[in-house]
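Just so it is clear, A, B, C and D label the chains in written order, and each chain counts residues from 1 on its own.
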């Protein structure tokens, strides 16, 4: 961290600041030029509150050099993390497709879709049981029953399951879920992040629709600081002024994350676009950008899906997408899945 | 709701759609022109899932005419709601200032600030006990102890208190809090909204930093649908591309909300700008725009505040702001506060 | 400018960089700490290309301390600039209202509106002759004829005129225009900025709808670097995700600009919101935020206006707005206008 | 276009509206339900000013069914347009790479880079002569001399050239330029669009960094409405809240444009990200998303480039990118380039 001190400053205040920094366990490099003074803070500055420093009278401005995240930082963990989700590997040279319906609707539906997507190459089954909906009057998911149906589908097909948690009160209900999803709206629900971290289960952390990459990694850091190591990031589009797609898929995030963190990245083209016919091109684009996997909504009867039908592809479309993705994988340094 | 049917459509599918709409308890107006057909849905369409309708093969597009919120809608409740927070009125021709530190730090600090802001015209005391921080390594608030100190300050000064809740697990701890704040990051934490709604206590609902006005009112609707009537909205800036201010205060939201809803609106210029020296002009601007009150961060020693010092004003600055605001109130149709 | 050098760097490359900086006429302060080296550049760094420096192999990161604008910078020109538009003063403790129709439509229309707004307190007449429209099929303004009609209205009422220029080819046509407007879409049309700057006429520079405050001031700098001193800034809303208003009026820009620049600021609530009924509250908010004036669209027959009828107020509404604004001015440190 | 009439409306006003619509050459379908009335406008509604209709007293809201662009619309021109740029085909199953330096700096530089990129598979040479720079104090390009050097490089290598125009005054200077580029900042510089359209030369139209896809197509429509048929669109990133990359590349735009328009799309990953090391993954992602080509900044000595060095790749990196792209093309339905 570099602190630029105002040209005219009180010497005593500067000494106070230097003393305070040293008390935090950091070393200080002072450069007094003829026109300005610069303090360089050396050591682990992740615990320094940058806003507090910025607000001091003698401070002109502050610049962070180190990223504020540590456990998620590639600098301190250069090798790719490979998350093991009940035997399914995510990260490294693996490419993993998660597929399934937006909402679990019935035993027949979820098992039918699970069998279909497994045949086409999906390795994990997704399905919403607790559903965050903008309106209190919309379908809120089958909740506990939905979880039970997912577990039945897992028993039937062997596919580990992924589903979203919405409240710390439901932690116990999720004990048999293989990969717990934190949804975009909960990315900064810090109490939930901490409690999910304590379970030590693999977590799929979706990016908030208006959060920066740094904030996203700080949320991963919340989970990891509770002892969990297995966080998978999921890019699902950010909010912009463009109305044609529901969100704007930020694929630049893929190579940026590969630099900043060792955690794997899954891309969700279904929620990002909100349009089933965009899922294939955005899936291929995600492979090109360097993603470690995809999360795709698949429904046997999209027009009658209880929610988000507009963005679901049919099983036969999913099969076509998986085949094209498979062809691209070797060009992008990944093992084929079919 | 207006549903525009594609020119070439299957007659059977159209009849299915009409039948389904009628089953939802709505009437249907069908206009078959030579070039297109239009269905008008009459009745309470707030329960219709617009995305589902949009995804049907025969549908060209859909337009909602009615707003999807009901309890918060001014159409069904034309008079201003005046929320009573332990005797303090918010809304109507009242103008209410909430003031206090970002975080509760000590008994001396919170009581000192409470006495100062009360003298200057504040009617409610704010102070953070549970603090949502981007970094797990930043100060997270005094938590339970912070609540106790707030209650002491209330006992000392008579000011009702406002503080943020971050988890459904803390509901019981908040039983003596006069006005429960839902923070921006939790605006779409639906499980929390529902449980807070069940307490029937007054709620201060901050706008999510990337949420539309309609989404904000839908979150108010979540609280109100649990039986609570007393929701106060709080505009605190939205995320834009402009880096100079922490967020961009959206004052257009004030007159827009006056049209759409009967709920009162408080503006928080401290969090919106993140800069203490912007608090006065933005406070006066908020009065001009038609807000029902202000929430201002006040600290006796901003450079040493444990968080958000950069945006806090000193008690004497707060006193000056309150006096200028007071002068403007009659021009804007509000009763004076001093 | 502070340049942070990578820990492991080539000494020769560092010397090359220092030499290059000195050749640009700057002094260099080198601080070599045990963990990093920091170069402080002293002198006028506005000509240093920050992207170029950032791209050097040995550079970790760069931070600008000085603002990149000079002529527009309050640091080098502490007193408010008061622009004289053919006798009408803008800036300082003056508050100036510009009013008139979106488009000039006919002699009768423009003279009628000019007389009405003059009576209510407007000091400058606006009216579009060349109109930037999203569609090539929409009305493009009366163009040359529109300018002639504006000049007739000026002759009739004595109000100096403001109108938008869209092409360097039209510079000569604007020789009798008192205040030349650069529209939002042309804020970074640098060739136009330079040529308008050469005329030495007062310029009203609208903020681009997706431009930062710094970029806006850099565009003012383009005009000023050609010798023009008289630039008036105009905030007219920025593009955000909120769909209810056409744009989001950024009133934080008012106090920020007062810090950064000595140039006056006018606010345009009509274009910002796109809704006539929001013009009054946003006008009062602008006064509160510290604006030096308003630009308001007024039309005698808004529903039949050839463009932008939805955002125009009627003359009697304008009169009411001007009266309320007038009452607020003394509270905000401005001379009354009525 | 669907116009929803308010429940309580003046019958005479409704008849006036219907009469006015018919005068514009359109047919009207009136559906009077028990709760609302809906007007369906049939015919070419692209000339109807939607804001004007929306502002009428009797109108509740308006919804456009047809897109407001015609010449650029795939509905009226179902086959892909293949633009011929001096013999180089862009669009259809062709994949075209444009490469070259941000700025032309010298004869040796531009010819050297041209030869290198040609060998690696580029079919068109880019190079900036007139440079839009945020600061008036930054290098503004070699201007006329830059154009001459580009023409020399064309003579030497046979590569047709692409370069940006910034002013209508320069139209004549561009008579030998093969593909005229309209930059992002000029996307809504309508006078420039019209004059460039009149030249009938192929145009590369960059998306404004805060413009919607619809606005972008309306700008293409401006060029096409002057008789030009050969417009190539260029996505180069949009402005969002994410600070890590200069802009956020919107690859969803690729499949969306394939639906809406018949015009070809080139993606510029260099400007979008501003970071050379992101160019390869974003190039592969663009192929996956369905782009018709790439525009890549290549420089022989990026750290010393006079502008935008940070985003330029070296010739050997470009060669590697082109080879990987080439491998992906057959999977995405394009002819290979090597």
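For the reader, a short list of remarks on this structure follows.
Everything below uses one rule, namely that contacts are C-beta pairs under 8 Å (C-beta built on N, C-alpha and C of every residue); 3 or more make two chains touch, one makes a residue touch a chain.
Predicted, not measured: the structure shown is a model, and the values here were computed from it.
Interface comparison, A-D versus A-C: the higher count of C-beta contacts falls to A-D. Rounded to a multiple of 5, the C-alpha superposition of chain C onto chain D involves a rotation of 180 degrees.
Looking across B-D, C-D or B-C, the pair that copies the A-B interface, with over half of its contact pairs the same by residue number, is C-D.
With centres taken as mean Cα positions, chain D sits 27 Å from chain C.
Here the spacing of chain A and chain D, counted between their Cα centres, is 32 Å. Chain centres here are Cα means. That of chain A falls 40 Å from that of chain C. Residue positions 210, 239-241, 243 of chain D are each in touch with at least two other chains.
Those residues of chain A that touch chain D in the shared complex are 210, 212-214, 238, 240-245, 248-256, 259, 272-273, 277-278, 281-290, 324, 327-328, 331-332. Contacts from chain C toward chain D in the complex involve residues 46-47, 49, 51-52, 54-57, 68, 132-139, 166-169, 185-186, 188-192, 194, 208-210, 215, 218, 221-222, 225, 239, 274, 302-310. Residues of chain A that touch chain C in their complex: 2, 4, 27, 29, 31, 33-36, 38, 40, 42, 60-61, 63, 65, 210, 239-241, 243.
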